[in-house]
Amino acid sequence: MKIIGIADTTFARYDMGKSAIDQLKSMGTGFKIVRYTVPGIKDLPVASKILFDKYNCDIVIALGMPGGKEIDKMSAHEAAQGLIQVQIMEGKHVLVVFVHEDEAKDEKELAWLADKRAREHAENAYYLIFDPEHLQKYAGKGLRQGFEDVGPVREKY
Amino acid sequence: MKIIGIADTTFARYDMGKSAIDQLKSMGTGFKIVRYTVPGIKDLPVASKILFDKYNCDIVIALGMPGGKEIDKMSAHEAAQGLIQVQIMEGKHVLVVFVHEDEAKDEKELAWLADKRAREHAENAYYLIFDPEHLQKYAGKGLRQGFEDVGPVREKY
Amino acid sequence: MKIIGIADTTFARYDMGKSAIDQLKSMGTGFKIVRYTVPGIKDLPVASKILFDKYNCDIVIALGMPGGKEIDKMSAHEAAQGLIQVQIMEGKHVLVVFVHEDEAKDEKELAWLADKRAREHAENAYYLIFDPEHLQKYAGKGLRQGFEDVGPVREKY
Amino acid sequence: MKIIGIADTTFARYDMGKSAIDQLKSMGTGFKIVRYTVPGIKDLPVASKILFDKYNCDIVIALGMPGGKEIDKMSAHEAAQGLIQVQIMEGKHVLVVFVHEDEAKDEKELAWLADKRAREHAENAYYLIFDPEHLQKYAGKGLRQGFEDVGPVREKY
Amino acid sequence: MKIIGIADTTFARYDMGKSAIDQLKSMGTGFKIVRYTVPGIKDLPVASKILFDKYNCDIVIALGMPGGKEIDKMSAHEAAQGLIQVQIMEGKHVLVVFVHEDEAKDEKELAWLADKRAREHAENAYYLIFDPEHLQKYAGKGLRQGFEDVGPVREKY
């Protein structure tokens, strides 16, 4: 039985944790989900650490929605660095699902993007723990989570 | 008996530590507070480390007020990175309460913001140690500490 | 028997992992290749850590293709910092092969650059594990991976 | 008997180490000073580490004077990050006393600022090891080291 | 017998490693030199780690020549952070000798600067291991490696 951690925030304006959990449940069985909600993205590194150490998670999905101001970009950067550190301390993946408020043109698109990106990263998380060689088939294929895949470059040279 | 650490600075222009302590005391009992004041925000990471290691704190609230200049932004960034590192070394939360001097339009608003943000993060700290599942109810709800909550996105799609 | 790890992404728009593997195989024998594909560049640090710890790799080649936007530059920076940390934790090289989408004038050149840089770093990886003194002959020679070598400065002084 | 480390540089244009030592000696007894001079600010993190590990210092005062160019700002940032890391590795304070060349309007003011800031941080260091609760009285009081204190905000709300 | 490590790159356009070695040999005896050449500056942190751990170096001189583009500045920053981390992990100095291509007005000056800075840092390395108190005489004296020393500030106040 694998354990998947969901770390999310009260700062985010969309319940991405719910989307991720819903997607995971649609993909199969053989895992248990532990959810841990913290105030903001800068709390996600320690939330992930706690999910690994106290809840024995095999992988964590960390979801956050930084605002559009300069200070929010900096927070996202600081959180991302911390999340990479946790991963290399643990030797386990944290899939970081950040949706920047200014990526979408309006609230409707923001909700759509947050839901879709959370789901597509939930799929990635599922494959990384149950079938790690699955992603190899898509190496270099220009996949994106949320907006449409851009695909591989056209070469012909 | 839980121990809550308060790390604050002589650089800040508002006694946010006092606000946080006042708020904590209004919320319940079953905890002891240890306060540790240092010169500036860059001293907060080690102050938090000492609060965990020497004073056995279960959580720390780190409060600071960076100035509005470029060099102060950089100090805030360096402090924030260090505070994330301490958290993942300890597996315990440090709630970082920074109020940037240029977030407020005048000194009166600055004082109001510093007090309010300190209190709202003190609440978060209280829940994280006594009722960690409480915050889950607010996941994705667009909460803010200090200024008004922005709320979740309006979807309808 | 040496083990060479290949960490690459589904985000990249060219299969650089394949180029690196092809190049390695053309250079000699005495090694085994383990490939690990992850979603994006920020997953490369933990992928490299796993390749060292679980697959006993002696060296890793980490390949990624950050996009041209500001946020992609930041991701590349965060990934690079994490990849340096993994190396100093392990005392082993990770050759970081990043091709920024905006380095090339069109998709054809991008494909050419991705292939060439991956191959030239695969060569470097080969030398670093089988003949570490080889590179010393080229110290200060202005070598580049991908675009043409710029060569040493012309002095005469 | 406490041991206070002084880490300073040959790059700085004012002998801030001397100011710090002079100030410390004027404040009391019960401590020994160990001084370690390195080339530049980026050497201060390891200098501080050595002062803790080899010379058993209880606290370190790290003094440097970054130049006014972009590259100097980056060096100061890198040094500051390293100095925070040393502190959290050791659980001991390093008071970082940086005077940026462009903080002062001329060389006379630069010398005055370097001397004053070094002395005021030496005082902080003294209190942190001999009377750690002393600073609590000044929490939120808007203290500055070097230029005049800005004081707490005027509230009345 | 002390061991001095030289870590340099094939990316650099001047053989700074040679300058450093030449200078060291002119200064005295009682040491052995180990040289390790890697592709680029981002490989210098692990090269230094290997020089300490596998070759038992007492100090390392890390030499690199970042290009003038934004991406090269970022690489230099990432390398510098990693080199500071290695130092504090080991408690030993790595003297970082970076010559930015855009520091010099032409190739002739670039060669001159690279040679001179490498030599002056080789001197610093020599003193740090054989006579660590030597540098104290120059504390706050405004020394520079490469271009002319700027000297201490003129005070008179």
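As written, the chain order gives the labels A, B, C, D and E, with residue 1 at the start of each chain.
Heads up, the rule we're going with is that a residue touches a chain if its C-beta (ideal position, glycine included) is under 8 Å from a C-beta of that chain, and two chains touch if they have at least 3 such contacts.
All figures in this text were calculated on a predicted structure; none of them were measured in a lab.
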Given chain C and chain E, the chains that contact each of them: none
Turning angle required so that chain A lies on chain E, C-alpha fit (0 to 180°, nearest 5): 145
Separation of chain B from chain D, taking each centre as the mean of its C-alpha atoms, in whole Å: 25
Chain A and chain D, separation of their C-alpha mean positions in angstrom: 40
Shared-contact residues (touching 2 or more other chains) in chain B: 81, 85
Pairwise touch network: line, ring, star, complete, or other: ring
Traversal of the chain ring from chain B via chain D: B, D, E, C, A
For the chain D and chain E complex, residues of the former touching the latter: 8-18, 35-39, 42-43, 45-46, 49-50, 53-54, 65, 71, 74-75, 78-79, 81-82, 85-86, 89, 107-108, 110-112, 114
Footprint of chain D on chain E - complex, ascending: 73, 77, 80-81, 84-85, 87-88, 91-96, 100, 121, 124, 128, 132, 135-136, 138-145, 150-157
